[in-house]
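Below you'll find a set of structures to go through.
Okay, so chain A shows up in both of these, paired with chain B first and chain C after.
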Partner chain A sequence: MVITANETKAPSTDYPLRGLRILVAKPGLDGHDIGAKVIALAMRDAGAEVIYTGLRKSAQHIARVAIDEGVDAVGLSILSGSHCELVAQVIDCLARAQAPDVKVFVGGTIPVPDHEPLRQLGVRGIYTSDMSLDRVIRDLAQQLH
Partner chain B sequence: MTAIPETEPKLTHQSPSGIDVPVRVGPEALRTEHIGEPGHYPFTRGIFEDGFRGRLWTIRQYSGFGTAEESNERYRFLLDRGQTGLSVALDLPTQCGLDPTNEMARPEVGKVGVSLSTLAEAEILFKGIDLGAISTSFTINGTAAIIYAMYLAVADKQGVPRERLTGTIQNDILKEYVARGTWIFPVRPSMRLIADTILYSNGQTPRFNPISIAGAHVRDAGATAVEEIAYTLANGLAYVDELLRRGGDVEKFAKRLSFFFYVHMDFFEEVCKFRAARRLWARLMRERYGVTDPKAQHFRFGVVCGGSSLVAPQPYNNVVRVAVETMAAVLGGAQSIFTCALDEAYQIPTEFSAELAVRTQQIIAYESGIARSVDPLGGSYFVEQHTDQIEAAVDQVMREIDAYGGVVKAIEEGWIQMRLAERALQRKRQIDTGEKVVVGLNHFSNPEEVCTPGDVFRLDPTASARVIERHQLVLQARDAAAVHQSLQRLSAAAAKDDENIMPYLVDCCHAYATVGEMVACLREQWGDFQEPVRL
Partner chain C sequence: MAGDIGNHPIGWRRQLGRRLSWLAGASTLEILRSEGLIPDVGNSVPRVGLTGPPGAGKSTLGGRLAVLRSQRMRMGLLAIDPSSPVSGGAILGDRIRMDELDGIDRLYVRSLASRTSEDGLAPNISELLVAMEQAGFEEVMLETVGVGQVEHAVRHQVDTMVLVLVPGAGDYVQAMKAGMMEMADIFVINKADMPGAPQIASEIRSVLRVTSPRRDGWEPAIVMTQMRDQATVAELSETIDRHQAWIRGRNDVSQRRLQRQRYRLRSLMDRWVQESMSEVPKTFFDFAIQRQMRELIERMGAGLLPDSD
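And now, the complex of A and B:
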């Protein structure tokens, strides 16, 4: 009597992210992708068009996909402790590619002392696993609409 | 923080795997004929007649960070505090087969584990630790064959005979494609590499576990306890089939297959999942493969307590969680236990929290008395019935995988990954709504609490520069011709399907070839895994 996967599709009465294109990316070597996939599914349920890169992508690759796909935002998922370096690389690549309008969000294991430095780099939102998906979606909608 | 639901939590009637649990179970539920005796088929009650009286489980804390010197110091600290086995955490470049000088590797050097780019690092890591006297476990998969070769090379250098080596390499690539992500090569050559390590190890290091088939990572990613066991047993069968295809003797290699799981908080589901898994595996080995030696039917497993069941808010609650989980592991009959530290949800543990985690196991081992009698829960109406229910549910999931076309196909096509992501979303929503109670997070939280207390672990920021510096010194000091020659032989062996690669890897390690160089040779022959991105 294992619960069937279909029950996960919670009925979404509201689509706060409708009309947005969002890239979910895994920079660096971290292989923990379940958080990235959960947030991608949740954003899709909230009405966004979501593109997921898969694992181990370079900052250059992520920036190129963001531009080619014309996304409104990039969500970077990092659990390896290398977030400061990797986020700086992606933001730098986006700037060099003349796409500074693409908004960058970060999720994963991000210690509180690192939040302010990341915001200084230009990160619009930092989401950790103890936040509810609704809160993350609401915050994204507010920042992106 | 998550908003606090307004209603008080209620006790649910279902286990987290979705199994209906009756309020009362009586003698009519007991089917004694398939329980068996401890140490006897089908091993529901454990693989040893005397439980833990003969030998306690191994207390083995996962640890490693920064440079080899720093990790060596932490190992000596843990051994000094009574730890009985080592468990090496490796950094991501080592796990993904990249040298620390590689551009993708640089930000990750020494972060989540220690960097072992050449034999020189391994020599420092195990300095002053007698490899003939301690068992060492490596959480390594994509590059498991290389790290195992490096361990053999260190033992050779220490003068320890290989047959005395004990320990484990995780070496379970199938679950890497599903949940942990440190794959390198496509599925099929990876399976060959695993068969090579197991067959070589059976001959060279007969007391070493060349694989630890792991459900822990899919569990932590979102799978239920039932799915954790089902996916893991299915992977185990895929390895057995590969070994048989390579001409291995199942009566021999099956004795050295080991397993690894997470223990989460639902006490009886966890205890019963181990009892059910032990019985299922023994049956599969006997009925599907005709295994007759009881030791080759044994389901031996290590566990990790903590992981995603630990949360950052009110972190001292995590000590209680780990204690409950450790008791479930003991009553489930685990062979080795790693207890996460209370701060492990958000950082590398401090010495204080690492010591408390070891003490938790020692208190349960020597004060609680629960290890005194073998399988003390055996024969409980409820426990035996719940074991039966889990066994049936696991069997059902394994049939679904078979119906899809087997586990290798299901992984190559991303089907299991997709099921897991859906399950993870479901679990997250259950936590968000408060349906799944997590004390301090979604119920009984303290709005006054400002995040994490206590000590903060700080990784030395110069560690990665020191790793890179020594790596370059090793490159300069080694005999370049010997390296070149050993790598050429490795390439030639990789090109032949029926050649065992292990001796060539050991030679490369002795010549101080780097992990990145060895992986590059193999990649040239085998290519890269193409990740199926399916959501």
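And now, the complex of A and C:
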């Protein structure tokens, strides 16, 4: 198959995330990254180039990797319950790193009452375990293209 | 925040990150239109290539080596991971291990996907390396995909080529007699605490003995490394210094410049063929093959004209 750079920039129905670079990060202290890895693989299969940070990374570290890697988006996987604090920290670090345009998404166990406050912080999408992978990918593609 | 490298503020880091993203995805025509990216080995900073089979420990070793060398200079590291040939996507995982290292903040680590490239490198690697040099790094390290036989390409892109091997890969050494053995400046036997390490070293020594001496006169070095022993990483670093000092004493800049220029043209041409072919109608392939080639070449030439100087 031939993938040209031109093609990589245009959304394709088979590979809706092609041409995008996305950082998947686990801030905070929870040690469960199956969800992060499943999402990372699904994004790869949708054509994205995915960078994964590994567990227990600080907001500063996540922002630094995001700017060094020139990503379009950061997906934060959080199961610890501290999502509001952690997301605010990452968004703050991105702004201070002069990268406020990097879009932030959150996945994990996020109770519905917290969705609106997270959106107020600037989160573009919130994905919970009851959503199908297909729906997550379609929503990401819509937000990022 | 902890984000500056040397004297470079965080905004500089942000700009470089975006510039590299653009270059990694730029089409042939976009490259031709971009200015100020003519590779010139005469002005280039030392480049160290790290190659070897998957699982040899290139990322961990490369990270350790780069952190050590970053104590005396600004280091940039490009790490290439394979793209899925099906979706075009990739998991870029080289930096997971590096990010665990103390002192990694002193480095600039950048992951690249191999995309359409078939030589263990990435599209526009010539331009990406020049962009790293222009960003002010004093040494650039390049870690390849590590697929085995195809990495002669990296030879043309770096000054010092390090081949990382591990015990238990004896067959690999057999397979490489024809290709990689002549190209590596430094052989590393990594995970040297594992059984079989001395055997690999002696196998390499015997292959080198029966191979005719290298035309450039460098005698390849063999270094045993293990990650628990920092002194072995330091030894590798000193061996790289020794090779770089040897290069500086030689007068073959024009030869290396020619090799890089050839590689650059070749990779742009390869991709221009790919891009041009993706635009032909299906019926095109029903023509006689000679006509297909002639018309494709015409299309390629016509596509370039408006943008050529």
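Here are a few things to note about the model shown:
Note that the second predicted complex is superposed on the first by the 132 of 145 C-alpha atoms of A that agree within 3 Å, B and C clash if a C-alpha of one lies under 4 Å from a C-alpha of the other, contacts with A are read in each partner's own complex, and residues count from 1 in each chain.
Operating definition for what follows: contacts are C-beta pairs under 8 Å (C-beta built on N, C-alpha and C of every residue); 3 or more make two chains touch, one makes a residue touch a chain.
Bear in mind that the values here come from a model prediction, so they are computed numbers and not experimental data.
With chain A as the common reference, chain B sits beside chain C without any clash.
When both complexes are overlaid on chain A, the residue A:P111 reaches chain B alone and has no touch with chain C. By the document's definition of touching, of the two partners only chain C reaches A:G47; chain B does not. Within the superposed three-chain model, A:Q60 lies in touch with chain C and out of touch with chain B [touch as defined at top]. When the two structures are aligned on the shared chain, A:R18 is found in touch with chain C, with no touch to chain B.
Residue contacts after overlaying the shared chain place A:G70 against chain C, while chain B stays out of touching range.
Judged by the touch definition given at the top, the superposed model places A:A97 against chain C, while chain B stays out of reach.
In this overlay, which is a superposition and not a single complex, chain B and chain C have their closest Cα atoms 5 Å apart. Shared interface residues of chain A, touching chain B in one complex and chain C in the other, are 1-3, 5, 7-8, 40-41, 44, 50, 52-54. Within the complex, the chain C residues that touch chain A are 1-3, 10-11, 13-14, 16-22, 25-28, 30, 83-93, 95-96, 99-100, 105, 108-111, 113, 115-116, 123, 271, 274-275, 277-278.
Against chain B, in their complex, chain A makes its touches with residues 1-3, 5, 7-8, 10, 28-34, 37-38, 40-42, 44, 50, 52-56, 58, 80-82, 85-86, 89, 109, 111-113, 128, 130-135.
Taken in their complex, chain A has these residues touching chain C: 1-9, 14-15, 17-19, 21, 40-41, 43-54, 57, 60-61, 63-65, 67-71, 93, 96-99.
On chain B, the positions that touch chain A within their shared complex are 1-3, 17-20, 92-93, 95-96, 98, 103-108, 111-112, 176, 179-183, 221-222, 224, 226-227, 311-313, 346-347, 393, 396-397, 419-426, 428-429, 432, 441, 451-452, 456, 459, 531, 533, 535.
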